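Two complexes follow with chain A in common, the first pairing it with chain B and the second with chain C.
Up next, the complex of A and B:
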């Protein structure tokens, strides 16, 4: 029996809908002064709290490639864990769809773990640095939902490792997301119910970036 | 995971590829090796659409059935610099997002597939190389699993190869291990002998790419190459033939 090629297996995974390629997302924010309350609430609701909530400290670099015949550049986000030895994570995010009938924002999403040559690789492909920032915070799980509470930190160019980098604001960004295969519409409802339980501490919403205008 | 060496096998005149594969397979079985499934290594190359002032870049995307969840890619920026990347196999879908910048050269899609054998500490794969369904040659992969440095086990690999192939294999390390250029701290390229380095799966993939590139180059010369290889005969050939210098 001939073994299938990698391309064949991947096509099969997409066609049979077991490749997770859609992200369902709700976002909100909470002031530094109130974040402790939210942490308590999450500890009560989530699965992975036997010890202490899982922390993360990541540098995210967004790279863009201008493509002929396309007004939008292709964006790829590369995440690297600071102070921990882990593979780099590359992520492609599609245009968000904000459908009134759906409880969450939905966008196509591809996650890909890579070796550490990825930034060099992308540069050689012609990608250019778009922006970079540090995200530091806590990650919770509830079933297949992921909840992150993170502080976004501005980077002084060339000083990615520096502790002196300043937070962007006096609040934390809270994100509730699920990456699932196409066709699992009940995910959104599951998330809406969970988001209800975090009110009134944090109001998780589908944020339409287009309506925010061209923010830097 | 051990050390892997690739060895092209010259096709004797008047013999078909499948005949040789059968013959070598039988030899391995009678030695005491066991048949352990099939294998596939494939390679697709994407070329950047020409733009002003930038050299043409090539992205080679390879898969190895031994590492089914990974995609191996090597970018050649056109000025001699190469960057290698191992990623999840979803990387293939990302490449398809860039089709307006990087186009697949479908006619050079090439693969090596065939039977996989295990013999004690060795894994031997008899690969039949085809490009667009056309048979190009036989490529033998041999892996010695308990070791991760070529210099410690090359003699043993060589002896094993000579034993079951019935050809003589040069005493020197295969060219892949002796002719690698690396970038030094000053950004200059320099020669680096790899036989003492720790062997990685990427090294196997790079060896395949080297051989695949040779097969692709010889597309136009195919007729002359076949007759030259045929004249060597099946037993005892000159020691340098088949060490990637074809």
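Up next, the complex of A and C:
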């Protein structure tokens, strides 16, 4: 039995609509004072009421590589869980698809788990540090939807683990995301219906990144 | 003398700059002439306003409006500064003329008459308001009174009927079960395990209705008492005393009582029996909440048993066992060990039979609990998936699979991750282990009972897993514990035993009980000899030799004899001990003395000193020697043979 190579398996998985490579995303924010209400609501709406919400404390680093052919640099995000023994996760996010009919933001997304030496490897390849931040918060799930309520914390360069790092703002960012293979049509509708249930506490909507201005 | 300073007050006299030339000179706007200022002031007079206060208000708003008006005025200036004044005076003159004309016509009383207006005072009299308010309040009072009347009626009815309210019952029902209201007003409930992670196809919906119609039916059916519904409950002694205001209708296939019977059978006789029954688990709230709680619990139990049995049957068909499992009707037969079968059957009785026999006394709680727990574990795994860490990782893969990438797991490791043990395999393993454990206990107990000389003490571990137990066996001779003790540990698994001896030997035994028995007997054998060796040292006897496997005599199925050769402190006596263990422990003791008594010098061997070569060994009637145990007897023997040196 011929064992296919990794590249063949990957293309087979993508073509058979088996590999999840599209991220559907809705984002919103809520003030610190109101986040407790949101947590109670989410606890009631989401799966597994008996286990308390799962906390996470992650450090995300975005590395970029200048490409000779295109003006846009290639961005790769590396995320690690602080205080827990878990492999690093590397993520590639493509440009969002311009489709006004879809209720959510859709962009191509590839996730991969990697060993601890990934940052050194990337910097040897020529990637440079673009930005980094710490995200700390709670995670919920409902079916295949993942809801994160996180606080973004600025990092003083050189002091990633310092607990006195201050948050960027007095609010939490709420994200509702689904990673699914291409060809699944009702993901957006499902997400939109769930987002309706969280109004008016938090308005989850698709953010048009181009309108945000001159962010890199 | 006043130090007064002359202060001159003057206006700034600064004029507005009209234009600044290129060389820096400023052209001022000439100040307005007197006629211009008069014209400006006159234009601001508003002839429609007469009182002083209005004028003051106008001044403030005029200052704000002046900027807007300036533009307008700029255009009008080209006309004539007094134009506005002229127009206002003209309008005022027109109005005065009209007024004088009207007054002169009215004075004539021929064409126009002036009549005084009737004073109508307030538009609404206070009395009308009072009447309207009174009417509104009486309507509100009517609504409240009718509501209070209804409540009072219901309350008195409740007290007289002694039946709790439908709504209170519904509240209690809702506290324990999931209910929802459907569009046509009916209340539907769900008693399945779907929210707990079950994927069973059978639906567990039940309907909740008011019980009045049911009670009325019963009342009508009974010709004796057709009047009050409350007395119908006291008619039949069989019915439960507390009738409630609501009734639950469970689907037909879930009615009745069900349980799963697990029997281990050996050649048509029951070895151990277990019944899986969810009743008696959890707090008993049946007494407080009425009949429906019991019927719902029974229905849920039936559903659980059906799901469990369906899962087991499916697995029994799919699994490939060396002796295939048999599924007949509502019974599954699986082979644990040769001649020993595990029979799992689903017993569902739809008629409530009070004469049903109580569960068999030989109840194996472990198997009952295990089956229940195994299915619940499946449910739990279906609903609780591990969360991804860090948060951007994909939802879904287990922790092991997440590590598979970075740790470079190969195909085999990945395939191993997907293999899980089914419920049937697990319960078979547990049943096999229970059986092995019982058998091992039986062997050890009978050996301990039969063999009295060294005592066999077995300590079973209190903590064990469903598929493995450990027992530590100490073989000691009573009174000689300090001299020597043989210990070994036996791990009892599902189909085999593993024995670890003190000297490091590891032996794997199969499920045959005879093997364990033989092992213990061999250990007893070596225990006796080793204790004898130690005892001899205490008694100052010299151990000349000892051996665990002699290799003499006829071939035995159970190893060989072990032996020991001892010499007294004076070296004038020797003891030889031989122990066999086929089929019981068999001890032979021989003694010899040196110098030999029966040496007579002969022409071939003339010298006397040849008598010092040891004499023949004579057997001792060991069973006649005084002593409680082998070691005790040996001690006495050695003591008696030790002679004082002369």
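We adopt the following convention: the second predicted complex is superposed on the first by the 211 of 216 C-alpha atoms of A that agree within 3 Å, B and C clash if a C-alpha of one lies under 4 Å from a C-alpha of the other, contacts with A are read in each partner's own complex, and residues count from 1 in each chain.
As a convention for this text, a contact is a pair of C-beta atoms (placed from the backbone, for glycine too) under 8 Å apart; a residue touches a chain by one contact, two chains touch by 3 or more.
Source: prediction; values computed, not measured.
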Would you sort A:58 into first (chain B), second (chain C), both or neither based on which partner it touches? second
Between chain B (first) and chain C (second), which, if any, makes contact with A:193: first, second, both or neither? neither
A:70 in the overlay: touching chain B, chain C, both, or neither? Say first, second, both or neither. first
Which partner does A:10 reach: the first (chain B), the second (chain C), both, or neither? first
Would you sort A:144 into first (chain B), second (chain C), both or neither based on which partner it touches? second
So, A:48: does it touch chain B (first), chain C (second), both, or neither? second
Is A:125 in contact with chain B, with chain C, with both, or with neither (first, second, both, neither)? first
With both complexes superposed on chain A, which partner does A:113 reach: first (chain B), second (chain C), both or neither? both
Touching A:156, do we find chain B (first), chain C (second), both, or neither? neither
For chain A, which residues lie in the overlap of the chain B contacts and the chain C contacts? 3, 111-115
Residues of chain B touching chain A in the complex: 37-40, 42, 48-49, 54, 57, 59, 63, 65, 68, 71, 73, 75, 77, 81, 83-94, 97-98, 100-102, 111, 113
Touching residues (chain side chain A, partner chain B) in the complex: 1-3, 5-7, 9-10, 14, 19, 21, 65, 67-70, 74, 76, 90, 92, 110-115, 117-118, 120-121, 124-126
Listed in rising order, the residues of chain A that touch chain C in the complex are 3, 20, 47-48, 51, 54, 56, 58, 60, 77, 79-81, 84, 86-89, 91, 111-115, 135, 139, 141, 144, 146, 148, 150, 179
Counting only contacts in the complex, chain C reaches chain A at residues 383-385, 387-396, 402-403, 405-406, 411
